[in-house]
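Labels for the chains are A, B and C, by order of writing; each one numbers its residues from 1.
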Amino acid sequence: MADDTTTDAPATDGPTDEVADEATEDVVRDEAREALLALFTDALGDAVVGSHILAGKDLWIRVSNEAWRTAADIARNRLGAKYFGFLSVIDWMPSPFGRSMDSEVDRRIAGDEPYSLPEGSFETGYAGGDTRFQVFARLAHINDPGATWGVTLKADLDDETPSVESWTSVFAGADWHEREAWEMYGVDFVGHPGLRHMYLPTGFEGNPLRKDFPLVARQVKPWPGIVDVEQMPSDEDEAAPSDAEGGES
Amino acid sequence: MTAVTDRQKLQYIAAKAADARVNVELETEGMTLNIGPQHPATHGTLRIVARLDGEQVIEAEPIAGYMHRGYEKLAEVRTYPQITTLVNRIDWLGSFANEVPFILAAEQLMEVEAPPRAQWIRTLLFEMSRLGNLILFLGDMGVQLGAVTPAFYAFRDREFVLDQIERVTGGRFHPNFDRIGGLKDDLPKGWLADTKSVMNKVRDFCDEIEELLMGAEIFTARTRGIGVIPKDVAQQYGLSGANARASGIDWDVRRDNCVGLVYPELDWKVWTHPDGDSFARFWVRLQEVREATKMIDQITDGLPSGPIMAKVPRIIKVPAGEAYVATENPLGEMGYYIVSKGDLTPFRVKIRSASFNNVSITPWILRGVYVPDIITILASLYFILGDIDR
Amino acid sequence: MSQSLMLGLELAYWQETTIRVLLGLVALLLLTGAVVYLYLFKFVSFMQSRLGPMEAGPHGSLQLLAEVGKWLQKEDITTDNADKFIFGIAPAVALASTFLMFVVIPAGPNAVVADLGTGIYFVLAMSSLSVIGILMAGWASANKYALLGALRAGGQLIAYELPLILSVVGVVIMAGSLNLQDIVAAQADGAIFGWTGIGNPFILTQIVGFTVFLIAVQAELTQTPFDMPIAESELVAGYQVEYSGIRFLVFFIAEFATAVAFAAIASTLFLGGWDLPASWGIGDGAMHVIGPINISIKAVLLVGVVFWARFSLPRFREDQLQQLAWKFLIPISLANIVLTGVMKVVF
């Protein structure tokens, strides 16, 4: 899923004027984000390996692992994204312990066929990705009221030894976020002043937010949503308007 | 040379250990002081390890995590309505505000928009949770500085706001009222009129606090010039909310990136202060409380009628995708990054909580201040432990 | 001496002293108890729009007995590393200094435990002894917080001794004597430019001294806004942190008894003490009864002012506190002395 650049087309229902307005409006929004994407691509060149624009909503840019810190540097110093939102990691492996009504483990508990870990590449999200772990971060430009924008940056991490350059030299606030990502996922941040536990006690073994780290409650009892809903009125009734109190003052 | 007996060795070691104990206990140079985790000053179980030189801090490090509940791990195995219940408890003083960005992110993924009445009531409850949170801050700032009495007035006047929230949602502290596509229920009879009178009471309280605290010269002497955070540093650490605005950053998510709430239709003002010290942070929050009361008055006047729930299926499966929505919560910018695989439960939820970033600045800011100023600065940064620790 | 006691009996010196000491203790404890109930339980509660203790006795009037009982039955804990002997006697030293202050405060024409010629001088000297008690407590606790709190308290109390003393000098100049009974008499018999309607309470001419005295008293009692040593010391109780049960009760009594003592001294020095203006013509016999009531009321009112400030204001930082003493209060009280001296000579 490399070089995946998509934009969502607007819905085209209703009279022609609305279509034209909607199309124009969405195109204007897209242009702003597309221009932003172009700036990133110009500045980073090959380092941008994927992107995704959700019209009117958000922008995702995936950079190569080596260019992670450079991307931050350029975003902050050249493009004006001085505001540091957050930094964390996504583990794209589906949980082997099951989590939903259709999941294997829950069916097994309910008495069906045995479970085996699905193989193959992991399905990743917006802006693509090839690896199990991805680091992602949010930056924003907030200094112009009325022209603020935000971007989500992503980068792939190696499966065996996930590691990436630290952002602390660019954004001092990344310190705590990288510590948390390190302890929760086991991702090494090269250049971080001192990776130590943020939330967990000092002797803790394992990386809790990884998908193969079990949530103990789920080992003890099945997923509570499995007996989700008691019998309720049908779907048509539950969305009935209740404006009896509307307009009361 | 003569052999050293074991007894002699043990005596030698014991003597050295005794010396070391005495040295450690008597050192007033670089004395290590442990503030917390149980401590009246911090809003919960935050531990600060400070190395002091007499009365000045050489370095201080906060140690969080005493209240880590693993929300992000839990969210992977809970359905969206169940997560709404969980998420109430992150910032427990303004708890409705925690649900809103989560619901908005889920609605963005489902491409569902709540009907106008629901959006207006959502904004109304959002602002009321801001009141519930910030009124406590105003009283609590006094307590941290030694003025114990204004805190009681804060609690008393906050009760009115909590009563109103309870009448709508059924819960003073954990409303659990927001739903994907709208709200759980509509407003009760007579609620809007009562809200107006409560807003008057809150405005009176703001005037009282201004006289009692801001007018006190001791308060001004204790907070002016203490804990100055420059604009650039604030942005690097991701300081948000009143902390950022008190450093002169003119940014408010309600105005600049409003999703799903009705702020563009209201007439209101963003308050900033150029100084960036503790007094500025207090002042900005005081003005925000007043502004919130004005906004609530406008909302109660202009509330449209209509349904309060859009048509959403009974069992909610959110389509695949990723969404990040942030709102201007009482503590700062709070956002949820939801990764969905089209399932009943989210695949990954990253909770961007305001206090985590706000408190991450403390090692930088606490260098060189006096010990009492640690308390002042922490009080003015205003964090909730549930927000830091999630 | 033996006939002066109004019982009309012939008493030996030791018997008389014993009776005086006992009555003094009773008066002290009663007043302290009344003050604790009125201000700490009720006044602060009403200020904070709540009711305070209501269960023990009508309107919580017996709450103090309940509290004392609670403290008396607590376990007596001493930390391992503490210096046991000093740890034990530190509260006693603090309380002893308070009792010694009460020795010279007159409550009537003859109701004083020991009418010393150096009255006010003795009182101020005894009040300084409490600093020793606090430092002993902080050091012997073997606890960093206690040590920090005790050092802060030491610095603060020593700094505020000076304004305390200097503000009193003006009164001494006006009265011409250190003896407290003489000061009371000077106010009762005095006149304001010839008008003897209310005597000459020194608060009128010594208003600056009175204000400085009250501020210094607030600091001597380590009450907010000067309560850095107790409340702020990393928000545990400062030098008292290792004390519990009876030992803490002693500190508690010492704190409030000192408040009463200082208020009684302030009323004696500035508000006319136990006496009423001579022009009102009330005889000595009645004053034996009215005197104690009079000074009790005045002392309790002044303690009220102290507590009012305590529960309203935020607290100073240590360096701001020191600056207030050294750069503000001491120069003002010195100026007050000079002015009083000049005025005394001129008028």
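Definition applied: a contact is a pair of C-beta atoms (placed from the backbone, for glycine too) under 8 Å apart; a residue touches a chain by one contact, two chains touch by 3 or more.
The structure presented is a predicted model; accordingly, all values stated were derived computationally and were not measured.
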Chain of greatest Cα-centre distance to chain B: C
Chain pair, most C-beta pairs within the contact cut-off: A-B
Cα-centroid distance, chain A relative to chain B, in whole angstrom: 23
Whole-Å gap between the CA centroids of chain A and chain C: 66
Mean-CA-position distance for chain C and chain B (Å): 44
List of chain A residues in touch with chain B within their complex: 57-58, 60, 82-86, 88, 90-91, 94-95, 99-102, 123, 125-126, 136, 138, 142-143, 145-146, 148, 150, 152, 171-173, 175-177, 184, 197-200, 208-209, 215, 218, 223-225, 228-229, 232, 235, 238-249
Of chain C, residues touching chain B in the complex: 44, 47-50, 81, 142, 144-145, 224-225, 227-228, 231-232, 234-235, 311-320
Chain B to chain A touching residues, read off their complex: 64-65, 68, 70, 72-74, 76-79, 82, 108, 117, 185-193, 232-233, 235-238, 249-251, 255-257, 270, 300-301, 303-315, 321-324, 326, 333, 335, 337, 339, 341, 343-345, 348, 350, 352, 356-357, 360-361, 364, 389
Residues on chain B engaged by chain C in the complex (per definition of touch): 25, 31, 33, 35, 39-41, 55, 142, 145-149, 152-153, 156, 212-213, 216, 218-219, 221-222, 370-373, 375
